[in-house]
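Next, two complexes with chain A in common: one pairs it with chain B, the other with chain C.
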Partner chain A sequence: MTLTAHRKMQLYGALLLLPAAVLLATFAYLPTVMTVINSLFLPGFRGEPAEFVGIENYQMLFDDPTFWQVARNNLLYALGTIPTSIALALGMALFVNGKLPGRGFVRMAYFTPTILPMIAAANIWMFFYAPQIGLFNSLLERLGFSGINWLGDPSVALGSVIVMSIWKEAGFFMIFYLAALQSLPPDLKEASDLEGTSRWSFFWRVTFPLLMPTTLFVLINALINAVRVVDHLFILTKGGPNNATNLLLYYVYENAFSFFDRTTAATITVVILLVLAVVATLKFTILDRRTHYQ
Partner chain B sequence: MNLASAYTPRVRYPVLPSLETVAAWLLALIWIFPLLYAFWAAFHPGEFMVNLEPFAPLTLDNFIEAWAQAPFGRYYLNTFALVAGVVLAQFVVCTLAAFAFARFPIPGKNVLFMLVLIQLFVFPEVLIVENYRIASGLGLVNTITGIGLPYVASAFGIFLLRQTFKTIPRELEDAARIEGCNWLEILWKVYVPLAKPTYLAYGLVSISHHWNNFLWPLVVTNSVESRPLTVGLGVFSAPETGVNWATVSAATLLSIAPLLVAFLLFQRQFVQSFLRAGIR
Partner chain C sequence: MRTRIPLALSALTAGLLSAGQAVADDPVELTMYYPVAVGGALTDVVDDLVEEFESGHPDIDVEAIYAGNYDDTRVRAMSAIEAGDTPQLSVLFSIDLYELLEQDAIVAFDDLVETDEEREWLDSFYPGLMENGQLDGKTYGIPFQRSTIVLYWNKDAFEAAGLDPDTPPENWEEMAEMAATVREASDGEQWGVMVPSTGYPYWMFQAFAFQNGHRLMSEDGTEVYFDDPAAVEALEYWVSLADEYDAMPDGTIEWGTLRQNFLEESTAMMWHTTGNLTAVRKEADFDFGVAMLPMKTQRGSPTGGGNFYVFKDASEEEQRAAMTFIRWMTAPERAAEWSIETGYMGVSPAAYETEALREYVNDFAPAAVARDQLDHATAELSTYQGGRVRRALDNAVQAALTGQMTPKEALEQAQQEAESALRRYAR
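Right after this comes the complex of A and B.
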């Protein structure tokens, strides 16, 4: 290839990239940079220029007990949703991977919540959780127990939100396990059958270790979702009662669009970006190295 | 796919279902129950919401009520326009970028590609505050373009298509060039047709994502003219509006019906798309 031809190719390639580059710069890089900058300034009032305050906004944030409550909620939300939905997903995948009457229906039942908008799912679950006329409480009352204020009691509300999230996510993770199970070489099973290995130890010694890359992949996705998905809070609790179910991204939304405090919103956003950066690093180092062994 | 059945001898199911079968079915019934319950609630008068009486009269009143109380027709139109627009624009923009990454010598290509991949983690909704400012600076607030535009340069789409394009043998490209095709013709006549399964998978995942998306559309829209279904439903079912629950169920079903029907019809494609798009 001549030099000019090579140059031409380079130019052509750059032109092909241009639309994506402009859009990514506008809606990803520029806002990221602006967020970081805003977190270092205090806005000026009445046309005065913004004042550079360095890490003062972060100090303010870290002194705010509400922030720590929200961060703790988000951690509990992640700890509450992720292990359970992954375990359920694996169980579901094992169920529908084997011989099972009505397997098609069972598989569909597990996967259906995935296809629903979070808002619609929250609407449906709202009926279950409602204090007086909700299904859960009317069941409890029929059994002779007193009802629980599922979304209004600060000690129960986050748990209620978590239960709904598990229902929404488990089926999605199931399909990754199902695919992994179906790609396992069948001769492993044959060999273990010849050896007379029990199904239980076959699962723990062979299947489960071989599914490790899938588990890590699902785990990364679940971590991102735990930070990103807040739609259900708009219907179920609005972060209440008393911030008991408030999560980081919802707190950003509240600060920016209810309290009109864009500086605090920017500061929390930077914290979220740092969390996502850790998850991204995890993915690109551990996960990508692991999957090469497959 | 069915390697397992190749060696397992066919067994007849025992008369008594195994413990595993019972557990699998029980879990399935629990999982499908909320949706079935929404159906029940939507098709019966409000007073039967809780007691689930089997012979309660069926009614369509809840749907009529919901349709009358909120402009669902408009919401449908907005959602269709949004989803169609986003998916088409994503196809074009991501195809061009993926082609560049797969086949062109661009200085610093690997660094550029890593920069693109950042968007897999930093979604438009995480940056809602600044994105709102940018959208408002561009005059895109309260427009369907404003809802869709931040998602058009999808890192995920670029990544998936680049992977697919890379597997297409260069010989096909050379043959097309001998025929006198220029680059765009090669892309259109060789690469795009061979990547059809990827487009299908990505398209289905993207459709369901944008049909279901809520936070960014909520922030960037403020009136009926541009609201998609999810935001309309969120506004409709807010407790303050005092709408009764049977009506909310009907509204919920109205909002999910097209996607749900599509899913029931093309279940296999949906599941495979999520899988194909997820494994990266």
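Right after this comes the complex of A and C.
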């Protein structure tokens, strides 16, 4: 009797999991497996069957200098966007968490970039960056400096894309920090005020450690975003000039849909998946242990 | 109450009648993707045209879907095919031909036409516009939003610089000198000339190369000649506009914002597609002119733009309906209307003989420049592995313009990349 009830519970649980499992299998696991398989074959030419080539596609990819340039660009992009946008987000959250006039308005202003679609934001920034008619250069020229070709000069193009991404991301992360700050128990602040703790050491000893779970969450989001970025490249640079702003996912897109080279696209995708898997493992083993959850 | 019953009855009868008709004669449903590569509300123009067509052809239902630029539209169409939801027809890049054939996606119009009248229609377009749509003697693409690159110049700026406002540059030397003159006369406030180098750099480069008497690819799309001395010289000239003459900004110039640059008079000349003409005309608050591109050894511009294609997976009935629609869209009156609304050229000589376009050209001479330039036009760069080959050339042009490589180095590298992409096709 107890066994059948137990069985029933098991069946009940399995049925509850079924919809999610089916969706995940269809849209996550199956494509992943297909991608791995595709990366091991060379497609047939004009209707001929595909040929199994093992890891040859990977060797080809690692011999491709553009791939390494794109990977390096992506690393720079991640290093450029993640720490800055997180620090900015925290700063903005602390600022609008305090008592200041027009707080609601400031919060909304900080959040506005986030609700804009990426394509719209990129279009706005394209005109900010435009060399002759753009906002930045008219400001520079008014100050007596000569303008910069923000998106057309390979040495500054990636930086320009990074700045725009920070603008877009910081407001989003601010919301999480703001929520976390407001859930901190006020008695901690009261106690530290009684003890006469300086604001500085209160922040570093109390607030910041308590925000660690949020920081971790934001960090992971930022990392995912850094790999996922593709849309604003369409508008701003198309990966140019001469691949200076080409990032991994855009390179995948280019291979798959501009070059009709599904094999290379699949191979790069598998490499990205592997790297992300390593990062996820590091997160679970190292960062989690150092994070203080309430 | 008394009046309502007959009303309801008649509504019912009418409903039954039309339902009966619908069963007997279901409209053929067509899906078409199309791109817009220039600014302006061209989607409205297309929607209006489609509506007009439908009201004259109740048996055909066309769903026209705007799908972004040429690349985006190709992606939309190809993904739809892969998902088993093939559109019946689409407007795609005229140079997508090889890829579409390689994917076995399209049919030749020669196999669709039945009557003599239809065969005549197939021969009614400018031969120069047919070049990119034909292979091995068969026609796969029908010209629709077609262009050449033209030179827009600001007459006011020319006058201010002491140049004759009505004389555009004839050749490379004149263009460089005039551009430098404008730059100097404006104390560095205004650039002389801008040639876009994002979006479609290979297209602009092809114009330079062709003006220097050089064609970049073989007719069968299996070979390219990027590192030829004539091509190198062409890229050197392009680079020199910024480097030597200080008449063009350093770095790359953005395709998408160039028209705005011209409209705000930050450059006195620009090279751009004729598809922008109507928008420039509407927005410019200065006097401007449109000319054929300057020459080195010969005049020249590649053609550009989009063609109609009919897809293989469509049923015979749908393909016939698609033909009817394409014939209607490319008829002289519509081609004239489309040309007036956009600046793209009328695709057939007959379009320029319609009253509407004749009057328009009479009144606004720049509208005929793209067509006249057709006599000096060449097919747009189109090869197997087209995406990769164009990208190699794009990178070379940008590397040279941004000073990362010399034109010769850049083009040699592009040649190498293109050759390895084309290896399997070179027989």
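One rule holds for everything that comes next: the second predicted complex is superposed on the first by the 251 of 294 C-alpha atoms of A that agree within 3 Å, B and C clash if a C-alpha of one lies under 4 Å from a C-alpha of the other, contacts with A are read in each partner's own complex, and residues count from 1 in each chain.
As a working rule, a contact is a pair of C-beta atoms (placed from the backbone, for glycine too) under 8 Å apart; a residue touches a chain by one contact, two chains touch by 3 or more.
Given the structure is predicted, the values throughout are model-derived calculations rather than measurements.
S.K.: For the three-chain model obtained by superposing on chain A, do chain B and chain C clash or fit?
M.R.: clash
S.K.: So which one touches more of the residues on chain A, chain B or chain C?
M.R.: Ranking chain B and chain C by residues of chain A touched puts B first.
S.K.: Applying the document's definition of touch, where does A:L274 land relative to chain B and chain C: first, second, both, or neither?
M.R.: neither
S.K.: Classify the contacts of A:G13 with the two partner chains as first (chain B alone), second (chain C alone), both, or neither.
M.R.: First partner only, chain B.
S.K.: Is A:L75 in contact with chain B, with chain C, with both, or with neither (first, second, both, neither)?
M.R.: Neither: A:L75 stays clear of chain B and chain C.
S.K.: Could you say whether A:I286 touches chain B, chain C, both of them, or neither, answering first, second, both or neither?
M.R.: In the superposition, A:I286 contacts neither chain B nor chain C.
S.K.: Using the touch definition from the top, say if A:F257 reaches chain B (first), chain C (second), both or neither.
M.R.: After superposing on A, A:F257 lies in contact with both chain B and chain C.
S.K.: Using the touch definition from the top, say if A:F127 reaches chain B (first), chain C (second), both or neither.
M.R.: both
S.K.: Just to be sure I read the superposition right, which of the two partners does A:P241 touch: chain B = first, chain C = second, or both, or neither?
M.R.: second
S.K.: Considering only the touch criterion stated at the top, classify A:P154 as touching first (chain B), second (chain C), both, or neither.
M.R.: The answer is second: A:P154 touches chain C but not chain B.
S.K.: For the superposed three-chain arrangement, which chain B stretch in 19-27, 91-99 or 217-225 runs into chain C?
M.R.: It is 217-225; the other listed stretches have no clashes.
S.K.: Following superposition on chain A, which residues of chain A contact chain B and also contact chain C?
M.R.: Overlap of chain B and chain C footprints on chain A: residues 126-127, 130, 133, 235, 257.
S.K.: Flag every residue of chain A that touches chain B in the complex, lowest number first.
M.R.: 6, 9-10, 12-14, 16-17, 19-24, 26-32, 34-35, 38, 88, 91-92, 95-102, 105-121, 123-128, 130, 133-135, 138, 167, 170-172, 175-176, 179, 182, 186, 189-190, 217, 221, 224, 227-228, 230-231, 234-235, 249, 252-253, 256-257, 262, 265-266, 269, 272-273, 276-277, 279-280
S.K.: What residues on chain C touch chain A, complex-wise?
M.R.: Chain C reaches chain A through residues 71, 74-75, 78, 99, 102-104, 191, 197-199, 249-254, 256-257, 260-261, 264, 266-267, 385, 387-388, 391, 394-396, 398-399, 401-402, 404, 424.
S.K.: In their complex, what parts of chain B are in touch with chain A?
M.R.: On the chain B side, the touching residues are 1, 3-4, 6-8, 11, 13, 17, 20-21, 23-25, 27-29, 31-32, 34-35, 37-38, 41, 49-51, 92-94, 96-97, 99-101, 103-107, 112, 115-116, 118-134, 149-150, 152-153, 155, 158, 183, 208, 211-215, 218-219, 229-230, 233-234, 237-238, 245, 248-249, 251-252, 255-256, 259-260, 263-264, 267, 270-271, 274-275, 278-279.
S.K.: Tell me, which parts of chain A touch chain C in their complex?
M.R.: Checking each residue of chain A against chain C gives 45-47, 126-127, 130-133, 149, 151-154, 235, 237-238, 240-243, 254, 257-261.
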